[in-house]
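Given below, in the form of structure tokens, are the structures.
The two complexes that follow have chain A in common; it is paired with chain B in the first and with chain C in the second.
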Partner chain A sequence: MCVRCDMLTRRSLLVGGGAAAAALHTGAAQARVLPQQMVPLVGPGYRPTERDEQGLWKEMDRVEEEIAGTNLLIDNPRIGHYLQDLIGTVGGPAAKDFRIYLLRIPEFNAMMFPTGFAVVFSGLLLRMRNEAQLAGVIAHESGHFLRRHMIRSWRDQKRKTDILAIGAMLAGVGGAGAGVYLGDYVQLAQLGTILTLFQYSRAMEAEADAMGAKLIAETGYPPIEMSNIWEQLIGEENASARYRGKHRHRGSIFDTHPSEGSRMVDLKADAAEITVPGKAYDNHRARYLTTIGPIRQMLLDDQVKLNDPGASQYLIETLAQDGWNGLLRFYEGEVWRLRNRDGDELRAGQSYAAAVAYPDAPADAWRWHGITLMKQGRTVEAKAAFSRYLRMKPDAPDDAWVRQMAG
Partner chain B sequence: MLKRGIAVAAAASVALSACVQTRQFADTEFTPPEGDYKLLVLRPDVSVGSLTTGGMVEPRADWTDPARHSVVDALRVQQAGRGGKVTIVEHRNEVPGVTAQELADVERLNFAVDQSIVLHKYLGDYLPTKRGKGLDWSLGADAVRLGQKTGYDYALFLHAEDAQASGGRIALGLLGLAGCFIGFCAPNVGGQQQLDYASLVDLKTGEVVWFNVVQAGSEIPGIKFGDLRTPAGATQMIDRLLGRMKPGKDAIKGHVMTPEPASKH
Partner chain C sequence: MNRKMILLVAAAAALPACSSVGGGDYGFSNYSLVRVQRQRVGDGSLTVAAARPWNRHRSVMFEDIRQVEDWTLNGPYLDGISFVTGLKDGKSLIRQRRTTSQQVPVFRSNMTPPEIAGMIEGLYRVRGGAVDFRTLSLQPRPFLGTNGFQLDYEHLDDDELWRRGRVVGTVVNGQLYLILLDAAKSHYWDAILPDFEAVVASARLSS
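Coming up: the complex of A and B.
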């Protein structure tokens, strides 16, 4: 139940699926779920009453304890409260029951657990251009809880695997009685079961998207921002794939989530449907950027160190559509420097020079600007840049070396 | 005649297709704790589920709770028999002298080390540098500090998971058994599955001195190998897992050289 789940469970399921299915590569199109139809299925203070759901909740106790105490948790009370307030706003009837944890993982993802706690990866905060986009993702996750997706998909899996097991056994026993071999049909049934499980999972994601769009529109965010998220992500993945000489994954019948393209299109249609003409919507970009300000450098730093220059460059350029600044220019330089292709050193140097022209340039921009100048033989300017670096970062770990360079 | 032959084969396979496996490793110098020692058991991780007809494990809160109690009780009785003073904590804030965070750090470190032990000792990814060295893993200074702050000699980590065949799963097995009489014999669809492991850490040295894995399972739904929900099943599991702790090979040699050669191994 995450925005973009990893493919582990999918792969393990595939082991039993047979390779023949790989050829059935389709767009897996699905009818759009209408936001108006998305009514929350739980109220405030929901507790499970049925045995299987109680079991599921029990399993989650220690999971939440682990996540709440992990050292990946970003311990910034201001951002913590901000996220909690956000889910408290767009979380529908269960808004006050949700817990939300921010983990330092430089990937685009967020997830909701069956008991109503959500996990947001730091890579998501880097990519969101305004509060409306972040609210959209959080509302999508809330949608999973409000529509009881975890227990519904568990029951769906249980029912289908039960039917398959009984059917396979009956085919074996019945086939033996009648003197025919039905093994091939059993394998087909197995594949069919697996495919319907994926289809069910995609249907749940489509529901959560529609629910999410409805929730954010009701709380005054422009619903089109949810579609924009996918547009940005598609762009990023294309850029990343292009750099590596590959193609972006475009969706298949084995996906747990609808393809990014179809989500973008559906959410655009949702937005058109639920946007009320004349109503004032606000994406709260300024509030968002002020709140994540203290950790934005860390977010960018983690991203550029992923060694994915295609994606990093795309991300920085996308964020810069809202205005270049010293931080973004510096990390643009870092992308080039770490990529280290022909001409990248020059490009990086230009970015560092551009970065230090902004008042918000980080200390490291001055350091690298100094190194670039030193290499160009502009010693006096280089020394000035190094001194600036040391003034900005008095406890610099490379203090001794920079002092020596600065003379 | 042929049909009877299959039925006999089926009966034989029923007898063969169920088993309990245990495999333990110990530090070469390890001697099982005996007498006056203090043992800290950190959050025994016990869960019991139901094996659905289709083979999924459905977690059951109403089975896990009694199983946790049974396992903890069985562990107390077993350790009392060895003479040790045992403290079993359910929550990380229950150990005087250390913070919940410090305890969490040791627990997580132990988890990572346990995974490494399982990978390199059980799953076939053997390390040449650790060959012939018994169990050569350590939690290091963190575990020693835990011992100093709390006064415990050992820490025990325990994990037990059990899945009991549901009515539907048993029926499926019976259907498969019925098939034996017409030539499609498949009673062995898989029944109870239990996996338990434990690691013992010496808090004076920080080393993992002993590790054991127990796997119990039956191919035939309905046949059980100890049921963690019951006191008897829990006692049996604790006995399989902790009851036959063997000393390390150097500890055995040392023992043989003592003036009492009467002891046998």
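Coming up: the complex of A and C.
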């Protein structure tokens, strides 16, 4: 269900105490699942025939209805169609049956529900460097559906807990205080609780990884991008922890479980195995950036304003590996401004000054450039920057204050 | 503001309330009455007079730092006024651990109104569960006899409710003073705004 289930399970253990322990899977590392072995178990137009699965579908229809109507949905028809087309391409035999919803939540996550609808968080779109990476995540999620992981894990849970109705299980899990970690954001449709019920085993995650790699390779995306996603995620979490003087995994319960690193290694091996020499693969970076272009500033804003400087700086630098621009330089400055340690004001000012040298610098870069100059006593230059800001953003909500500064 | 915390506090309050016999002012409560008379708020360096009785509640939104005090009329999910009184350079609006990944920015004495506005936005995004935060206006406004500012904003929180806020603030002798209104956008904002404005108009630095 979730891209980050391994990690999420471990986090929720910390949050929920022992309640989640039953869902954890122990044991030694297992052999890699080979992409070639991954055969879809459902075809187009799948409908459940057994009673317990039918009951589950009925419950999930209600959840989907709630998600489809929430005001957390990002209402951008172009991006909506794009995501629908993407899952329609890499979704295997069930491709045309899937639905996909984009929620505005600044966390790296995506999840698939038993009836074939997927939820993608906006924080995921920010972190993907190209379409191939996004396709990889979506294909991984599709893999869970195609391999019938939800109903398998649901039946497994039911056997263990001896509770028959999903409603009772939801109440039970909720009451026990367990929950999959979704940031602190989602109260919607009891998502965290539902995801806890469908926690996948490591074997299932391995299957979904292998299936996902196979699906994207078949549709012409470079399969190596699947392991690149993990590399980026691990890098970001390390950077975040380092910044706050923590160690990511060391000396904790995490040590006894396989790291995302092992998934990354397996995915690298998958990629080497299924890449066909001489075949042309395309990560469609340009198409991806053009599509998310209209909301990219919003995505960066949502992340950077969480003031997690390690993670944000890592993310910006990762995205900038494809080239710096005014938007990324501006948000680099925002990271320093919000961190606000000694010397950060100067660093932020340098980033704003660098940002406004690019033609794509957002209006806000000019405003903050102006504020920095004003604080440095460079009044004339500050006024010019403020004027530029107001020209670029005539309906600026702070125009009364800025006009006073611009004199 | 952090709604999970509110629920926890509410649950903690409920138990002693159930066990108290005879009611009245006995037992533990998170709320106390704010009477219609001039009174000190926060760390005592600010006085205000409310036009009708309010409920002072144990700090939830900002957690308990001495310089902050929270009031509500209909409960903190629906409306509230917070006072920030004399917050010093290098301090943040809430208590937070050094190792917490996401942090509310700290206040600096030399901050301009847009920087203070950014700090307030951070509070909502980092601690309030806001997924969307829109600045509606930022304008100069005299406050406590100084050149202060007024910030208007609205935010969509993780409980899928839009709320609206107004902050009137200023920096006096390097210390931050704010009065902040936050209320559900439908009904409560309009209903409570006149009260907030009256409180702001009555605010004086205590000598």
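Going forward, the second predicted complex is superposed on the first by the 331 of 407 C-alpha atoms of A that agree within 3 Å, B and C clash if a C-alpha of one lies under 4 Å from a C-alpha of the other, contacts with A are read in each partner's own complex, and residues count from 1 in each chain.
Here is the rule we use: a residue touches a chain if its C-beta (ideal position, glycine included) is under 8 Å from a C-beta of that chain, and two chains touch if they have at least 3 such contacts.
Since we're looking at a predicted model, the values are computed, not measured.
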item	value
Which of chain B and chain C A:L338 touches, first, second, both or neither	second
Contacts of A:G245 with chain B and chain C, given as first, second, both or neither	second
First, second, both or neither for A:L306, with chain B first and chain C second	second
Partner chain(s) touched by A:A68 [first = chain B, second = chain C, both, neither]	neither
Which partner reaches more residues of chain A (counting touched residues only), chain B or chain C	C
Touched partner set for A:L41, first chain B, second chain C, both or neither	neither
Touched partner set for A:I105, first chain B, second chain C, both or neither	second
Contacts of A:Q404 with chain B and chain C, given as first, second, both or neither	second
First, second, both or neither for A:W57, with chain B first and chain C second	first
Chain C-contacting residues of chain A that also contact chain B	none
Residue ranges of chain C touching chain A (in the complex, touch as defined)	4, 98-106, 108, 110, 112-115, 117-118, 121-122, 125-126, 129, 131-140, 149, 152, 156, 158-160, 162
Parts of chain A lying in touch with chain C, wherever the complex brings them together	70-72, 104-106, 184-188, 240-241, 244-246, 302, 305-308, 310-311, 337-340, 367-368, 371, 374-375, 397-398, 400-401, 404
Residue numbers on chain A that touch chain B, as the complex places them	51-52, 54-59, 62, 65, 69, 157-158, 160-166, 169-170, 172-173, 175-177
Residues on chain B engaged by chain A in the complex (per definition of touch)	45, 47, 49, 52-56, 58-62, 64, 92, 100-101, 104, 168, 172, 175-176, 178-179, 182-184, 186, 189
